[in-house]
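Chain IDs A, B, C and D follow the sequence of writing; residue 1 opens each chain.
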Amino acid sequence: MALHKRVNPSSKVNNDTGFGTNASNYGGRFINRDGTFNMRKEGIPYWERFSIYHTMLNLPRWKFITVVVVFYFAINLVYTFIYLLIGIHQLQGMITNTLWGQFKETFYFSTQTFTTVGYGRINPVGDVANVVASIEAMSGFLSFAIATGLFYGRFSKPKSYLAFSDDALISPFHGKTGLMFRFASYKDNHILTNVDIKVTIGLQLLENGSDKPEYKYFDLHLERDRVDSLPMNWTVVHPIDDSSPLMGFTYDDMKAADVELYVLIRGFDDVYSNFVLQRTSYTYDEIIFNRKFVPMYRESDDGKTTILELHKLNQHIEVK
Amino acid sequence: MALHKRVNPSSKVNNDTGFGTNASNYGGRFINRDGTFNMRKEGIPYWERFSIYHTMLNLPRWKFITVVVVFYFAINLVYTFIYLLIGIHQLQGMITNTLWGQFKETFYFSTQTFTTVGYGRINPVGDVANVVASIEAMSGFLSFAIATGLFYGRFSKPKSYLAFSDDALISPFHGKTGLMFRFASYKDNHILTNVDIKVTIGLQLLENGSDKPEYKYFDLHLERDRVDSLPMNWTVVHPIDDSSPLMGFTYDDMKAADVELYVLIRGFDDVYSNFVLQRTSYTYDEIIFNRKFVPMYRESDDGKTTILELHKLNQHIEVK
Amino acid sequence: MALHKRVNPSSKVNNDTGFGTNASNYGGRFINRDGTFNMRKEGIPYWERFSIYHTMLNLPRWKFITVVVVFYFAINLVYTFIYLLIGIHQLQGMITNTLWGQFKETFYFSTQTFTTVGYGRINPVGDVANVVASIEAMSGFLSFAIATGLFYGRFSKPKSYLAFSDDALISPFHGKTGLMFRFASYKDNHILTNVDIKVTIGLQLLENGSDKPEYKYFDLHLERDRVDSLPMNWTVVHPIDDSSPLMGFTYDDMKAADVELYVLIRGFDDVYSNFVLQRTSYTYDEIIFNRKFVPMYRESDDGKTTILELHKLNQHIEVK
Amino acid sequence: MALHKRVNPSSKVNNDTGFGTNASNYGGRFINRDGTFNMRKEGIPYWERFSIYHTMLNLPRWKFITVVVVFYFAINLVYTFIYLLIGIHQLQGMITNTLWGQFKETFYFSTQTFTTVGYGRINPVGDVANVVASIEAMSGFLSFAIATGLFYGRFSKPKSYLAFSDDALISPFHGKTGLMFRFASYKDNHILTNVDIKVTIGLQLLENGSDKPEYKYFDLHLERDRVDSLPMNWTVVHPIDDSSPLMGFTYDDMKAADVELYVLIRGFDDVYSNFVLQRTSYTYDEIIFNRKFVPMYRESDDGKTTILELHKLNQHIEVK
């Protein structure tokens, strides 16, 4: 399904989105809510497309810790089997002589070597065990060097820490209507400076009687497309006026045109002294007509500070 | 209280500050002297708003060291209690047999494991103690990996190292008056390049006979808003001329309008090859009329170098 | 050999490439396919021109690991010889008494000291051995500090991860012809934003009947020289029209003029929040006439996502 | 001494250098050859002006290593004295019983604890010694965490790696003369991209019959003030034409005016994906009349690459 209606001819076309126009080659939305692109790559081996560092950086915290712990036990198991292969007699100082007991003691010795604790009660006397232990100690140290890099990489990774309203609204605006959504920085003491925003809309159209749907992209004019700093929330407003590609659109039109809003926000992060980007998107079924947002900040009780009410980010009421 | 007088109509309004206009929702000054914003966030759980890394990065040095040391002793106490729970017989090599002595020796063993010193006199022989020790050694190593990241993060965090005069002054300037404040980089060998500055003023106004005070924001025209580099101090001057929103303002007007100056300085830091930002603000009670700054640099005695006198940063004298 | 023909006079000359014009002083192509410059430096000592950090950062992964491992064994060999020079009697706890056995045990002791495992079975008793051991432990720790820095440097080094088509093509374009090549980001979840591209061409010319060939540089006008983001591939097109310096060029002309295209791509890397650059070049023998690229993306079978087919990057077919 | 002559009135004045104009307050040159500013700061305590990290980052390599080694021995001496104060009986496993021998063994024990080697032959048995050892191990680990940060900071510090000609020359240029100096990147595989340069000149003048010399600053117009990339050397040329403040200047004029050229170069470093700055300056006695630079690159013998001859950077010959 695609929209047959003609789009407002005074809209500002954007041919430089980096997306293609041939609708039949594309599947689903372009940009996911979390800002990633909805696409896969194929044709080269997985390990060439895969970046360990990037993956470890973006894992949720508990998964990251799990990977580290699992790796630690797995590599110690590997070394344990190597020592057992070499022969238990190359290690001295064990106190058990059952097989299971020796396995466990060898594993403990391995962890003591890998972490460089090296209590020394159990220690290698044979040549092969000594060489393996020296390699294990080095690999342990290097593993922790890598862990240090990963921890620091996770710490210092610039993130925007922006929360977006779940929906975009069509609300009254200066006597006409406007397309609105809002967002706010949700971390304490985390401010973006010189923030600018760009909103592009993608429409699937059947133009000039053609039966091959094509994507067209338009930049949406915004009431305000930059702010000096972002201590509070920001309600982004696209006035639906004569120059808007959405002029006269109903919900059904939006659905037919498979409307998707691409949002790109850029700002300078005071904490990390770095520029950060955040993408998100709204598709037609995330756009609600005839609602408006409620205010989300107030003066504190003592009148000395301002309070941003983040739980109201998604609250909107019907327009009477 | 708000100002009823009309502001100079040729002033340059700034609608993109990111601050709101509805004065009744706002409390106190917007920006604190140290450049942070005077606001709180609520409505989402504390731990979502809180960033450990960011907090640890911004602690004063002695607090940071204290946190590290307290953490070290606390986690060793935790492990000590775990070993005691497991049973003291799983550790060999202790030399005392009083309870208090065993507690202490277990604690020492724990620190030797956590730091991976591992003297080995005391060492684990039981299975549970061995497993706990291998976990402790790993957690110790990872803790120090995190500490490394925090130390490096603190080291390498770009900071502006700018000191500002405590007050802004209304001084004579080219036959009229000007609003002035000054600042300087106080670190040796620390230079900002391509520094630019933006000063915005916020006024609480009652316009057109309305009784609902509103904030209005104006960009202040500056005699000079950028310098190539900042080896010396810089006195920022806003000439109070026909285009100034402060034209004709008395101290009482400023108080009535709840005047606040927002200062934003940007520069390129030669040391870290990074852009840094510094904010500060002056409220009406930090603006002094009829004073002027004294010079704050001189030639060295041998005539071969220039000396910046940082202790004079806040010195000003009355205008006769 | 150089081109005698006059170049299209409406071409846009670029005098600021940073390359010289005196062709007789230059050898071979300027820029290699991988984006490095084809040049050597001489006249100052090697170690002043050489940067260990930079070299270690750019080694392939297996070479880097090899260097680390070889360094580890080499430095332990050095310390082993120092301990042997000092005299084996300064170490206690050895269990062999053949020379070869003592050498081996000393080497194991060295690795245990360097990695700070320190089992303690073998330990220094003599003064010189103790001092050397304390230096070795420090140097070991510092080596791993350096290794940590290198690992993190390798991890966090911004890279463009762009793959380019092997050849540039002369294809039909809007009724005329165009010079085309294409590229794509080949890492999963790796997107460049605000990508812009600059293509410059270098020609060796004999102008005004001179017999001294000179290099001239022209900026190539592109159908599109920036995109908002680069989730897909991008086919860069230089229309060969009236303003093109390549207007009317045959393969032989390109060869005679020793044509080289210099490509510079800049973008903002979402993952590292950093700007990245990528250079590449195409020489006349990498430009193929009368071919065109095949499309390289399709809709997934379930219609819900888009698939980029990286194995088709270099596929082109003859123009009928 | 200051210049009485009037400066070319069509020169482009630069009032935004960040330097003052009152000559009597300034001593010596503003910018040293290495790009640092010739100035001191006073009036706040040394430790507020001093930055350990910045200092350690900028030490020459051998000084840095020396500081690390000296710190290592010094802190171990401190701990040694603490253990001796506590009493030697709290450590077990020593093999000597002379005082000097015990001092030495305690020192060795300290290094084994600080580096976390912990052989364990000597180990603490008393409570105080145990507590001190646990603190020493922690401080050792943290010291190496800091060392890691410093090493990485030194590695990854963006540097321009530019070498400048020792002198600026007044050479023939397009039938008139020009002020010239040149520079080149001296590291292998180290390229700056989008390099731009700004040259400002400072003159000490006595204007309008005043007897109070003042500094005036002028931007020098350059034949070329940016290049796309800097693989080769770059000769910066200021044509001394009708718009030049140096029009008609002799060496004596330059001396009288205390001429100083401020050079600021900016570029994007491909290796570190970062912007770097480099400053330098030339004073009147580093400007030589009637000389010109010799070329400093050639084609390699096999004709396949270009060679930059860095030893010729300072070579110039007399103009006949």
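The definition used in the following text is that contacts are C-beta pairs under 8 Å (C-beta built on N, C-alpha and C of every residue); 3 or more make two chains touch, one makes a residue touch a chain.
The structure displayed is predicted, hence computed values, not measured ones.
> Comparing residue numbers, which of B-C, A-C or A-D shares more than half of the contact pairs of A-B?
A-C
> Determine, using the mean of C-alpha atoms as each chain's centre, which chain is farthest from subunit D.
When every chain centre is compared against subunit D, the largest gap points to A.
> Is the contact between subunit A and subunit C built from the same residue numbers on each copy (over half shared) or from different ones (under half shared)?
different
> Centroid from C-alpha atoms only, then distance subunit B to subunit C, rounded to Å. What do you get?
39
> Between subunit B and subunit D, what's the gap in Å when you average each chain's C-alpha atoms?
Comparing mean C-alpha positions, subunit D is 28 Å from subunit B.
> Could you check subunit D for residues that touch two or more other chains and list them?
112, 116-120, 148, 152, 274
> Would you mind writing out the residues of subunit A in touch with subunit B in their complex?
By the definition above, subunit A touches subunit B via 68-69, 72, 76, 95, 104-105, 108, 111-112, 115-121, 144, 147-148, 151-152, 155-156, 186-191, 193, 195, 224, 226-232, 234, 268, 270-271, 273-274, 295, 297-300, 302-313.
> Using the touch definition from the top, list the residues of subunit A that touch subunit D in their complex.
Spelled out, the residues of subunit A in touch with subunit D are 116, 118-120, 148.
> Help me check something: in the complex, which residues belonging to subunit D touch subunit B?
14-20, 24-28, 30, 36-44, 48-51, 53-54, 57-58, 92, 112-113, 116-120, 123-125, 127, 130-131, 133-134, 137-138, 140-142, 145-146, 148-150, 152-153, 157-158, 198, 200, 264, 272, 274-277
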